[in-house]
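Order of writing sets the labels: A, B, C and D. Residues in every chain begin at 1.
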Amino acid sequence: MGILITKETKVLVQGITGKEGSFHAQSMLKYGTKIIAGVTPNKGGEKIFGIPVFNTVMEACLFAKVDASIIFVPAYSALQAILEALEREIKLIVCITEGIPLLDMIKIKEKLKQSKSILIGPNCPGVITAGESKIGIMPGDIFQKGNIGIISRSGTLTYEVVSLLSKNSLGQSTCVGIGGDPLIGTSFLEVIKLFEKDSQTDLVVLIGEIGGTQEEEAAEYLASSNLKALAFIAGATAPAGKRMGHAGAIISQGKGKAESKIEAFKRSKVAVARNLIEIPDLIKKLTKN
Amino acid sequence: MFLLEYLAKGILRKSGISISKGGLAEKLNQAQNIAQKLKFPLILKAQVLSGGRGKLGAIKKADNLILLKEEFSALLGMKLADETVNKILIEEAQNILQEFYLSIVLDRVCAKYCLIFSPSGGMEIEEIAEKFPKNLFKVYLDPFLGLQDYQINQIIFNFHLPNQIQKPLRKIILTLNQIIKDYEAVLVEINPLALIKNGSFMALDAKIDLDENAFFRHSELLKLKIKAESDKLERKAREKNLAYVKLNGDIGIIGNGAGLVMATLDAVNMAGGHPANFLDLGGGAKEDLVKEALELILKDRKIKGIFFNIFGGITRCDEVARGIIKASGILKMKKPIVIRLSGTNESLGKELLKEAHFYPVDTMFEGAKKIVELVNC
Amino acid sequence: MFLLEYLAKGILRKSGISISKGGLAEKLNQAQNIAQKLKFPLILKAQVLSGGRGKLGAIKKADNLILLKEEFSALLGMKLADETVNKILIEEAQNILQEFYLSIVLDRVCAKYCLIFSPSGGMEIEEIAEKFPKNLFKVYLDPFLGLQDYQINQIIFNFHLPNQIQKPLRKIILTLNQIIKDYEAVLVEINPLALIKNGSFMALDAKIDLDENAFFRHSELLKLKIKAESDKLERKAREKNLAYVKLNGDIGIIGNGAGLVMATLDAVNMAGGHPANFLDLGGGAKEDLVKEALELILKDRKIKGIFFNIFGGITRCDEVARGIIKASGILKMKKPIVIRLSGTNESLGKELLKEAHFYPVDTMFEGAKKIVELVNC
Amino acid sequence: MGILITKETKVLVQGITGKEGSFHAQSMLKYGTKIIAGVTPNKGGEKIFGIPVFNTVMEACLFAKVDASIIFVPAYSALQAILEALEREIKLIVCITEGIPLLDMIKIKEKLKQSKSILIGPNCPGVITAGESKIGIMPGDIFQKGNIGIISRSGTLTYEVVSLLSKNSLGQSTCVGIGGDPLIGTSFLEVIKLFEKDSQTDLVVLIGEIGGTQEEEAAEYLASSNLKALAFIAGATAPAGKRMGHAGAIISQGKGKAESKIEAFKRSKVAVARNLIEIPDLIKKLTKN
């Protein structure tokens, strides 16, 4: 089964006629995702790849039941897109958009508390349940159906890990890219809790990086969980005080170091890979018992 | 984006918070001109982002022009962690009655701003927290309502602050809150916030961290963005919207995605190499950006080779390949380049590269090993 | 506080929304002066708060100066419900392509602002709701986030509004929203919002209701507050912060608390009397305010007697008694006064009154009966 | 028992050293209310009527457990006072203050939704459980212990009704002045639901007035409730379009008329008194069965 999405999940694409939106809508369709509608203001009535386009999320939701929405709009209108999806109470909102201001995310986080929706991202590759449905931008062909769950703060690093796993015949259940921003809709810990309940997932790979304290939180929780897990943290050799690429990855005032995260996992008896290449072997060892 | 002290203090002054009289000097004669308009003793402060400047010897005092010259010359060009001192702030020294700590900072865990105050300022916040935990007071700001008067009351009365400093302190707290809003800052810190002779406050040091993602709403901050970068190449990268961080090694690294680039640095380090930089193209880079990124890191003369590591999701391998080919003119130097391309449109990208006689490797580890070999031979 | 049309339109124009050229006249020669600067045909609109002016004949059209004179003279002094026309707005008539309805109003039930739009403007909102329910679109504004762009999109696309009017309409909606915020208005309504010849919009009528409780944050609105009152005594009352409403009878009513004063009006009516006014002292009135309130209602020449009805909670009976005694100079006319005092410090208040030879009654009903008898005899 | 407050309720007075605050604190003490602390900034450490004064609600709540707070601060600082009480999760907040801007109340209403506190008022006389505790400004001596509950939008009108009841030996359980403003913390309906569960209350008198639709809402609910009720609406002879005293009482655009409210109660078979004087007899009739 995996978590969050299945073959049957009905998907809306916000920003479907844009360059990224249309490219990835097509790629998702190819993967088998049930895209049932798209939204672009002033393009209502058009069709793209046979999918009807609406002017507003409201119109799209009146046309058909929507289970999930994926957002491809530019950073300056992402707040609007997410609020629009929240207003219609869409259960799963996946926001690919990079560069959303923190102030907008503060507002979104507060509204999320008052809703039943789950936001994955922003600045993330999305969610994929291997062989079933892809609501995201990850290259679908590297995934293989299986029992390894993946939670990652980094997009491209996820692909790296997934392709390693697939090459070693370690298939995946669901892969969730939670996004690399300092403020994100759903944290490591929240996704771990979803995987705990999933009978298809035998082990979860956590791909973290420097900055913040999400990994430490997750580690603490895993100490008393039955979920098998393996962690990898990027940025062990990154200098302090410098933002590595996006606002989330920074060692500031001595906090957020890779070492402290690795220590936290070790304290909780969670296996840690120091090098990506070790991951497949470590998984095989962990799943043998 | 962290601002250097003089830029942060500029924002404070503009907002109505007092700072010491002074000026910024990059050369000795500038320093001497500034000093002539000020009252000795003067303080010389290296403008770098690294913390603990006092302990690192990057803050000096001068009682006269001769000593000023001496200290200035000693500071200029000094190396502190990854930074080189090329700007020095010269300010009048102040008589301090008491040092306070005051900041508003975004707390990532609860997604709220947090106002932190302590009557034990002058040392770093971690030190206060450790040595005087009871002297640290935090209030969290409601995401929608923001800072409330009653919260300022909680601070003032928690520390039994005397009547005559309540009003000026309240004003400074409200000003800090306004700076957070006006500039969409992630952090504004005054430490020490000094109570000086005449019973009023002065910000003797300041730290401001701005949210670059919000700059599209603050066009006036773009100038600040460029100014804030001490390294020339970092400045250039900012102009092109590339995430570039200068490091101390000799292998240029380009990749897409912060996590992947960080992992690439880690891999190169593990293979025995020394990365010269971190350069993240971001998501969905187009061929021109790829070309510009290559041109940019090649300006670093220390570079002996380049490792180009792409795993395409929203980024398409063909675009990357075209960018590399476009830049091949400048690449046709003696410096080796190792390319790794995987993901979206991988086969198309690889084909293009092969046509242009570039032969990509298959994995990050292979690539890391290969570039280290090539550079070290 | 509802504003007359010309004041509401003044706010719209100041905020950048187009209105017809025109001016306000209180006398015929002013009207003629205004007309000479305008293009006929002109519209004459009685400035009263009552709704449905069109149907009541309070809006007229004039094609030339002679007709203007005729219509102006007919309107001036006209009685509409409780109001008398003493201000007339003269404006150029417009060619209308389509009439829209647009408002933002505070919904008491959910404590949120509601934006209401309809492409069927020009009639009252209740009529639109009844006749064309599908042509009414409501969006509720988040109490903290306020109006969002996507909500404006919902309106625009729900009615398939053509491209060329999307932008100007969006601007007007945002302006309305700004007025709500800047003035702390409870209601801003433009009806009709007319699409005129050149494809742009004009506000042909406007209604604004301001929150008087918020005036302490908007000192500039206090002037408007005085101006807004058509009745002289109501204006005076506002200056003194008394809640006064002019009615058509001959018995002056003063009490404390809106509910009690309303119930007093009801009781006097039931006893066969006709209240001349509603006057609520509010909570905790001091003796000077009591005196001023008495002086104020006595300025209404129609008054034949006064019923003073107090049940003290936060208001103290002794303060009220002192106020009445202070005003006894002007009260020693032939007009009868009936006083009822109960509640906080009742006995003290009654004692004071008796010393001054006022003899209070015990209940509201007794008092209502007594004043009606005294006035009718 | 009554509702909301008992003899044991521990009360904080915000604005205790002000003219109104001190006057009514004394009056409450006289009635038997357990006032345990007061708040006035910069007066911390003082005592008034033997009650300790604190600078902030936080300090007061650290000193002793607070069950309820009554607020006497001026309108311009009422938002602060209510937020301060909400922050400390004080269960019952009674706001006497008149003239609070609607925008402030919009904010307060939204924060109330996210809290477990009950706000009574603003612009109200408060709450009294006859013979037990008074958290308000009503003259205590007019109340008599008994089985009639009272909910009222009007302060002085409540006293009028209560004194009528007491003169007719119809004692009261709890009397709640919900306040006359357009936006209030707790509506008729919400208080009705509390009275429904109170074994001591046999009948509830609803004192409404023109403006708004609260009375209609309450009437609709009472149609299917077992609670006995009697309603009175002030303002039957008020003119349309004019605010009667405070922002709440206005007949605007034909809505909020006394007649429509009276009709609503009649439709729900709730007795309506046309004249205050009828109330005692109507109650006697209704409680006989």
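Criterion: a residue touches a chain if its C-beta (ideal position, glycine included) is under 8 Å from a C-beta of that chain, and two chains touch if they have at least 3 such contacts.
Quick caveat, the model's predicted, so the values are computed rather than measured.
Peer 1: Return the chain pair with more inter-chain C-beta contacts, choosing between B-D and C-D.
Peer 2: Between the chain pairs B-D and C-D, C-D carries more contacts.
Peer 1: Which chain's centre, taken as the mean of its Cα atoms, is farthest from the centre of chain A?
Peer 2: Farthest by centroid: C.
Peer 1: Between chain B and chain D, what's the gap in Å when you average each chain's C-alpha atoms?
Peer 2: Averaging C-alpha atoms per chain gives centres 56 Å apart.
Peer 1: Cα centroid separation between chain A and chain B, in whole Å?
Peer 2: 28
Peer 1: Give the residues of chain D touching no fewer than two other chains, as numbers and ranges.
Peer 2: 107, 110
Peer 1: Among the residues of chain B, which ones contact at least 2 other chains?
Peer 2: 144-145, in rising order.
Peer 1: Could you please specify the touching residues of chain B with respect to chain A in the complex?
Peer 2: That would be residues 1-2, 49-51, 81-82, 106, 108-109, 111-113, 124-126, 143-144, 184, 186, 211-214, 216-217, 243, 245, 247, 255-263, 265-267, 269-270, 275, 278, 280, 282-284, 310-315, 342-344, 346, 364-365 of chain B.
Peer 1: In the complex, go through chain A and note every residue touching chain C.
Peer 2: Touch list, chain A to chain C: 41-42, 44, 55-59, 77, 80-81, 83-84, 87, 107, 110-111.
Peer 1: Along chain D, where are the residues that touch chain C in the complex?
Peer 2: Touch list, chain D to chain C: 20, 24, 27, 75-76, 96, 98-103, 105-107, 109-110, 125, 137-139, 142, 152-160, 163, 180, 182-183, 207, 209-210, 212-213, 217, 234-249, 253-254, 275-277.
Peer 1: Which of the residues in chain C end up touching chain A in this complex?
Peer 2: These residues of chain C touch chain A: 142, 144-145, 148-150, 153-154, 156-157, 163.
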